[in-house]
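Naming follows writing order (A, B, C, D and E), and every chain is counted from residue 1.
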């Protein structure tokens, strides 16, 4: 029970991380972006390439930072990957979304993003193959926090959790306390009016993609650290990340993080109440329940009000 | 420095390609003057203002601000050049608080704290609501906020699209007086109003727009007293309705 | 030659079945603005319902009532409608993305049930065994393909005509008004909750009909048919064809399904042998490019919604003459 | 004195700690054009929202023709002959102006599934009739030329007119208008007033929020003023004009 | 000679483990062409991807049958796709279909009903064999309790049930059975659940894709390294991703062949061809399916219909015939013999394949393990032993 709860929170922290970016991208660009989760894949693989490169160039970087499996090489690679992923997100926007945004409604964007997701995922497959890839062959053993009740956690996961919480706080403060944050929210609500209020639309769009891309790259790396890389990982993340975003309420950073935990915990506890085959449905049942009580998610706002 | 601050020549603009709403519109705004544009609903007044602010694509003609062409400038650059715009509808950010709305437009201003106090002095009704979501404001309160946002950056030229719509008579008078007063402080104002009589009383000059074209212009007082104009545009008497 | 006709008939059957489902979706989204992210669940409910009622009995398996085709088919449609009623009651007060994810959840839950509730749905191995209508009389060869196509087209036409009547009539006007602005519609005396639920149920029943035809055609259904990809395909058809326009919906179904199969076909035929193994990935990339390209080229869809097109012929309108602002 | 067509008893609405409408009790007599004035933020629109069912009251009652309609949803009230317009227009943006207006009448046969599918001839006839009527109203509002235009692509003032056209189309017994003249060209306002008065002569009751004092003075009787959620004045327009309280807080020195 | 005889191949090439299965089928086609082809013509394999989606698979099959006029179709993996292809396309059109990998019992049932008209074959034994072997291994390793993790699809549900029965029959208590649904980002909850049972060993009937996540998670949480896995985990990718040092106690099961060299020969030939040992499920099965079907086709002649080809299958798998291996030489010899009207006994990657009346194969089994050089066979379990065990279960 306790273990399932803790597992849920730890797994959820990756969803949370990705959902922070997702909620901002969705809020500002006003469409459900199915290609967002593919950025996890881009980030994960970009980090793989640079991790190998850095570790080969400077072998000293290749040692793990105890007690994590994270190496300095991977830390650096992750930073590079965040930039690369952000930049590719900006590129997709420039190539596709910007052009459609100019002419059509949100739903065309949704489906364009679906198309982009297909392309990205399969290009990754063509480049890296179907095989699973790992940053480190080592299996990071969980440490025993308590024997009764039995409680096991992996240091990497704790690290991810802390990172998610710190980033959440940072972004929430940015959005609610800085004029940059006001500008992001203003663009989300009314692009025209924000322009005449002196906000440069294209820089805000770029900023939000860079942030979203960077966060999802981090999520991708953290995920691959505790699991592994595969071209379909983005695809596997689409739903939980969406769910987290929606449960939290689109546009709310706190909501995204809480939503991530809720989805994680729901998956963790599902097995206690349902036969194992039904677990994939569990997060959605929770979402349904949350939305029935709060139709705009936990912290979401009614756009029409 | 020339006497005119804003010049529009042969302007053609519209929302969709090949369907101009404005045709060959010309207008000059004299420095420190209050010029009002009036005309029937759907005449193209808002479109004209939006075209100046860079929100509607211009297919022909030129817009000059202080001798520099701003025709195809991005809307967010206009503020830096001292041009402010109060839209007719959707003119506040509903999801942001009043304070955030104002902070947003003042974000590059060093003296934003004191400026905020000045603005609240002009619209005291906003003061108790500073922390509220702007979407919860009444129609008139929203209008006050919108004007305050435009004023915040101390523009040299202000474009105001029906700022008085929805305001109580008292506040309407105050806003119009405020506009008048601003011209004394070096601001030039281009106003669109349906509240014609009150607006013209404080204006220097008046343009009449109909069906996307210039119809008439002249000193405000003269337009106000012109019996024909009064009949057609000022609600003096009813003409030609089906 | 016969081969070509046979294949075209087969293709048209599949595309026709999907077109039916897309029409149902168009009523929900194009006209009512309901973002149904769980289309496959209603399609599936029609499919499983039809199969359980019409299929052959099997050991340790509920269902297999061997009801006549038409009754089983109607039962499947009703089952889809019933599910829509329950789901609609629960979720229709949600908006946009929220409704989409909630209905998506319903579809995932539905898939879970089909995968795991073995006694009811056969579990992952699926349900099988359905004597297709007239098959005994015609045999299962080429002619049967044509007959079945005729059946599908007949259903498609009935659904198309019915929906055209609905959406061109004041009924459709109310739906669109609710889609545009619920508050305003309510202030004009329209009941959004009731209308939405109605449109949702009707649309879902149409999807259920498509599902019923689908299992009848394949005589087999399994959770593999319940994958979210179907929801995506149907949506893509609607968006590419033009939401809000029934002709667009049908056109989109044929085009996207055509693109889906043609890309596989073209790769099999023309791609160099070394590429063959990457065909899957390349095909997905192609499909992605087609969708993105279409949206870049015609974001409103091939046949966009026509605003103002109502029940009566446009020409009946009197010439207008306004003079108030002719100075 | 005839029984009020609309009355409120102690109507109250709180937004959190803020009381926007504070125990308003009012009677609207049938056949009047009652004006509602008051400073910005006085609670006028909120009051309309409470009457029309768009908002639920925190306390108090609304009666329509003596029948308690408190808390009924707007769609039910429209059927009972109560229509309202919005201060900030809410057009059905991706529908033509004509469709916007034709939507309004209650109980159209073609609005049911069965009617739409099977009573084609009847529906067609009904539509033809509604179309003529709607076109008439649009022409009158100077919107005839735009009948086929999407309502999302008209000017701000035109949207206000459309708002009014929709309300008129339903032939309601009571119409609540929220600032019908704001943003409307004065010449056209005159036309609107004529129409309102004509309908009024035929028995329609109007309850109008308006800041245009010309309008209120000339056409509204009685006039009610709201301030900070409370009724502060009830009387004739002339009395309102000289009421010191109103002069100070609402009309201002300029008037 | 410019003539070509088209053969349909439908496998899920867009899915990781599908690609090598398809590659194997194409490789066999090349070998048989090199060995002489059919009536002086070449086989032309027309490969289509089914994306593991029934609609797409059926469409591909339909196009192959109608437009390319194939009389033989190889495919596919997922039973959920194979079944509608078979019942709505190939069987009605009289086309022969042979699959490498579909293991659903339902296919046996369909064949038994006569729906397939004898046109259906598969080189994959139904899951009974592997389940029995798993139980034998568990018993012989002295495990008292076992926890089952299974892929939540047709195959997995089936094998999990069979295995549970087999374990109980062997005196190994099943203390938990957890479904692994693919496409989940994390299997932590499932693993935690399975760990809770604290079993001596764990039985894994999953694919490498989830397997890597599940096993790494399992091990990192301190799960036992006593693992019994199905043939689906026979994968270098799996071995590498998990790491040899954790797989010392791993025992795999698979169907096999009476200890001939043919299985080893297949592994060597495959390694030479593709530069890596055969990993992933169904590769020898794909090889054999293609080889048997194409040899039968060649024997039937280039104008043969599906039924004619099917009729020749027993000639290729005749235990009394001359043994031929899965090499170009073997195929050359086989083609010559078949032309003379003699039957051959094909010895393939899965051994001497024999189909029963429903197109099913039965097979002896092996236990295998991961070794430094790849996959190593540890123990051969003859048909009799498997059979005896199954009989003991039936009581």
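In this text, a residue touches a chain if its C-beta (ideal position, glycine included) is under 8 Å from a C-beta of that chain, and two chains touch if they have at least 3 such contacts.
These are the chains along with the protein names UniProt gives them: A = Amino acid/amide ABC transporter membrane protein 1, HAAT family; B = Branched-chain amino acid transport system ATP-binding protein; C = Amino acid/amide ABC transporter membrane protein 2, HAAT family; D = Amino acid/amide ABC transporter ATP-binding protein 1, HAAT family.
Computed from a predicted structure; not experimentally measured.
Engineer: Identify the chains in contact with chain C as well as chain E, in label order.
Structural biologist: A
Engineer: Using the contact definition stated above, find the chains touching both chain D and chain E.
Structural biologist: Intersection of chain D and chain E contact lists gives C.
Engineer: So how far apart, in whole Å, are chain A and chain B when each is placed at the average of its C-alpha atoms?
Structural biologist: Chain centres of chain A and chain B, defined by C-alpha means, are spaced 43 Å apart.
Engineer: Between chain B and chain C, what is the gap in Å from one C-alpha centre to the other?
Structural biologist: One centre to the other, that is 50 Å.
Engineer: In whole angstrom, what separates the CA-based centres of chain A and chain C?
Structural biologist: Inter-chain centre distance comes to 32 Å.
Engineer: I'd like to verify one number: the distance from the centre of chain A to the centre of chain E, where each centre is the average of its C-alpha atoms, in whole angstrom.
Structural biologist: Computed value for the inter-centroid distance: 38 Å.
Engineer: Two or more other chains in contact with one residue: find those residues in chain A.
Structural biologist: Chain A, residues with two or more chain partners: 122, 275, 277, 280.
Engineer: At least two other chains touched by the same residue of chain B: list those residues.
Structural biologist: Answer for chain B, listing residues that touch two or more other chains: 39-43, 232-233, 239, 241-242.
Engineer: For chain D, give me the residues that contact two or more of the other chains.
Structural biologist: 139, 142, 144, 185, 187-188, 191
Engineer: Which stretch or stretches of chain A touch chain B in the complex?
Structural biologist: 179-180, 182-183, 185-186, 188-190, 192-201, 301, 305
Engineer: Can you list the residues on chain D that touch chain C in the complex?
Structural biologist: That would be residues 52-54, 73-75, 77-79, 83-84, 86, 90-96, 98-100, 102-104, 106, 108-113, 115-117, 120, 123-124, 126-128, 131-132, 135, 139, 142-145, 147-150, 166, 170, 185, 187-188, 191 of chain D.
Engineer: Under the stated contact criterion, what part of chain C meets chain A in this complex?
Structural biologist: Listed in rising order, the residues are 29, 35, 90-91, 93-98, 100-102, 104-106, 108-109, 111-113, 115-116, 183, 232, 235-236, 239-240, 243, 278, 281-282, 284-285, 287-292, 295-296, 299-300.
Engineer: Which stretch or stretches of chain C touch chain D in the complex?
Structural biologist: For this pair, the touching residues of chain C are 162, 165-166, 169-174, 176-177, 179-181, 183-192, 198, 202, 305, 307-308, 310-312, 314, 316-318, 320-322, 324-325.
Engineer: Spell out the part of chain E that touches chain A in their complex, as residue ranges.
Structural biologist: Interface residues on chain E, with respect to chain A: 14-17, 19, 152, 177-181, 183-186, 188-190, 192-193, 208-209, 212-213, 216-217, 219-222, 237, 240-243, 246.
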